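The same subunit A turns up in both complexes below, where it pairs with subunit B and then with subunit C.
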Partner chain A sequence: MVRIASPLRSYTSGASSVTVDGATLHEILANLDRRFPGIRFRMVDEQDCIRPHMRVFVNTSEAKRLSEPVRAGDTVHVICALSGG
Partner chain B sequence: MAAKTGHLGPTVLRSVDRGRTWREASQPPAFRKAGEGEEARAVQRVFWLTPGHASESGTWFAGSSPAGLFRSQDGGERWTPVAGFNDHPMRSKWVTAGTPDGEFLHSILIDPRDPRHLYIGISIGGIFESMDGGGDWTPLNEGVEADFLPEPAVPYGHDPHCVALHPLMPDRLYHQNHCGLYRLDRPARRWIRVGRAMPKKIGDIGFPIVLDPADPDTAWVFPMDGRTVWPRTAIDGKPAVYRTQDAGKTWRRLDRGLPRSKAWFTVLRQAMCTDRHVRTGLYFGTTGGEVWASTNAGERWSCIARHLPEIYSVTHAA
Partner chain C sequence: MTLSPAERTRYQRHLVLEEIGLAGQEKLKAARVLVIGAGGLGSPAALYLAASGIGTLGIVDDDRVELSNLQRQVLFDTGHISRLKTQAARERLESLNPQISVVAHAVELRAANACALLGGYDLIVDGTDRLSTRYLINDACVILAKPLVAAAIHRFEGQAMSYVPGRGPCYRCLFPEAPDAVVPNCAQAGVLGVLPGVLGAIQATEAIKLILGVGEPLVGRFLTYDALEMRFHEFPFERRRDCAVCGDRPTITAPRDSQEPRSAAALDGVRRLTATGLRTLLDQHPRTHPLVLVDVREPREFVTGHLEGAINIPVAMLQQRLEEIAPQASPVFICRSGSRSLAACAIALRAGIAAPAHLEGGLLAWASEVDPTLAVAGAG
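Up next is the complex of A and B:
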């Protein structure tokens, strides 16, 4: 399950969570982008780095790299970082 | 339109119905994936969009921050890096971060006589020219001052704010620099600081410069306070546009209709434009969200919109 930050829901037709397969964050986001073209580039840059104002968690642990493993049943949270108050 | 909405990464959106609907590029401007040991760059924002040469339908150019050049050949749907600049062996020397906002590429100009003849401006880096469609570039900064650098005369590292090329006389360029107002008539390579003819109390610092589409000798600027702490606002709170009609030899203040005092306008480099009417109309937008217009070449101004968000860019849609 991937929980989608509200600014990205225009890509998912308003869905706040979607079910996507993948063994790593890299696979999850690639599959997410296949379903919702363009969504990945708004979260991850061309060097495969999570953008500065986005935070990605696997369950309750923050992921810093796309190689982070994801197990069946895990929830990936895509959240906008607090920026500017 | 370039967009960097809130927390999300940058993209480009296109409208073909005057803004009623917008479609996001399927392949926004992005640097290529860095190889082992290479500097890894990611587009933080798309700063400048320019249509390509009239003979190349569907071609557009984009300038980014960090400074990068991108081209689309399908009307902005897919963008690819221009390797001739982005991977140029001298790029890392030409471009310096210089400011907390980082560096960015702007003022992409195409010679109407030759689609392979291009100019770009980089803050901070200078003005560069290509004769082969972007494959190779050379600095074009002779005569331009850079008082923020230890050496007085350097080939690059300057801070052009806005560069303009006249469509009817493409060998004539003007630019508003962090260090003054300049004109260049090719094939010369040395810029002349025409801003020295501005009144001393006003100076020649600003962001935008716009040219009269019908007259290569006429241009308008919006001077800003570049003294001491650089507030970048209208000098002494008295906004004014200045116009030259003799290629920069003399300048005339135009402020009828503008606030007389306590109006610290800032007009960003893309927030001023002309239209193409016979009697040239002028427009500028402020960071305070106001749009001002003149139907008579700047002789008189009126506010045509208020309470908008910060204005980055104003373009006449014809």
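Up next is the complex of A and C:
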């Protein structure tokens, strides 16, 4: 399951979490983008680096690379710097 | 600082808590806390800090109260509309607790005044609604070695963290740089009125704990709250040795103003074309028309399939290659789904290109609405 940061929910029709297959973060994000075109680019730049205002956690461990494995039952959390106050 | 009989009565419920007691309440009375931003977060934070007996409470805000603030900014009431927020806040907070001193700073926080403002306080509460100010506050707190309690909100989601000098990571350790993309604010994205109430109350709680030195602060823990699902999550993070401000070799050694990320309002000059709208435009204008189609995807995506006549400049290269777009041309930026093309429009606007356009929904929309034979490469 992938939990989507609030500013990216416009891509997922408002869904706060979606179920996506994949054995690595790279596969998860590729499959996520197939379902919600454009969402991956908001999280990852052209060099496959997670953008500096976003963080991805697998359960409670920060994923620094897209090659990191994701197991069945894991929750991928996409968090992002919010500006509102 | 000793408490008067009236204060002992006022704070009686604190005095019976062994974690606070008389000594703790005297610490709160001696404390100087600066709340930056008298908005959704600053309102509840300031109200609870004042009620709790923080001796000196500074409020920074240069705005005036508007009717649309009252859905969430509980410091104010209808009679305050058009008044300076700092003045209205001081009246409300001193009415709530005449035993404290409220200092109104009706200024915009900038690099030039950050050290002077923050330097007069023991602890900072960040309730600003701008990312650039959020980074400025974080940097100033690290440089001045001031504890900081930060929070932010968006629609139904909030987040909070605390920074304590020498004890853990700062905001930049988690998010090293502000996004260089569209960041909607509360006015554009909307926000649940009670959401900043939850986060602002968390900030007041953290500030009081840090002053008292009790409990476990949100240091090295990033707290997120989803109001719709009524769920909190917590993510551990560490100090980055390469952090630009609190790292081993900091590159930010004085507060600095940074450019505000482009807000959705800043993109008002962008023309948004639907796929059928672009088709009509192309049909109406012969090739001599200065309309230029700029495909901002990666070259490998471009070769899979693109619109006839389009040139390819990946968005990451656009700034350096803007001269390839003729000065008199009207660029239409195109990508796979409409995200990179919007970023390209913002770059073009910043470079002085008037009324850049982008294809909403990108080539996926084009393939769906205009030409199903167009092959659109995957982005992954």
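Please note the rule applied: the second predicted complex is superposed on the first by the 80 of 85 C-alpha atoms of A that agree within 3 Å, B and C clash if a C-alpha of one lies under 4 Å from a C-alpha of the other, contacts with A are read in each partner's own complex, and residues count from 1 in each chain.
What we mean here is this: contacts are C-beta pairs under 8 Å (C-beta built on N, C-alpha and C of every residue); 3 or more make two chains touch, one makes a residue touch a chain.
Everything numeric here is computed off the predicted structure, so don't read it as measured data.
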Superposed partners subunit B and subunit C on subunit A - clash or fit: clash
Of subunit C and subunit B, partner touching more subunit A residues: C
Touching partner for A:F57 - first (subunit B), second (subunit C), both, neither: second
Which superposed partner A:H77 touches (first subunit B, second subunit C, both, neither): second
Partner chain(s) touched by A:D33 [first = subunit B, second = subunit C, both, neither]: second
Which of subunit B and subunit C A:P7 touches, first, second, both or neither: both
Touched partner set for A:S16, first subunit B, second subunit C, both or neither: second
First, second, both or neither for A:D45, with subunit B first and subunit C second: both
Steric overlap of subunit C with subunit B in the superposed model, located at which of 1-9, 145-153, 181-189 or 217-225: 181-189
Footprint overlap on subunit A, comparing subunit B with subunit C: 5, 7, 37-38, 41-42, 45-46, 51, 53-54, 80-81, 83
Residue ranges of subunit C in contact with subunit A within the complex: 37, 39-42, 126-131, 134, 151-159, 174-179, 181, 183-186, 189, 191, 196, 222, 224, 226, 228-229, 233-237, 261, 298, 314-316, 336-340, 362, 364, 378-380
Residue numbers on subunit A that touch subunit C, as the complex places them: 3, 5-7, 9, 16, 26, 29-30, 33-34, 37-38, 40-42, 45-46, 51-55, 57, 60, 62, 77, 79-85
In the complex, subunit B residues that touch subunit A: 5-9, 11, 24, 26, 28, 30-34, 40-43
Residue ranges of subunit A touching subunit B (in the complex, touch as defined): 5, 7-8, 37-38, 41-49, 51, 53-54, 80-81, 83
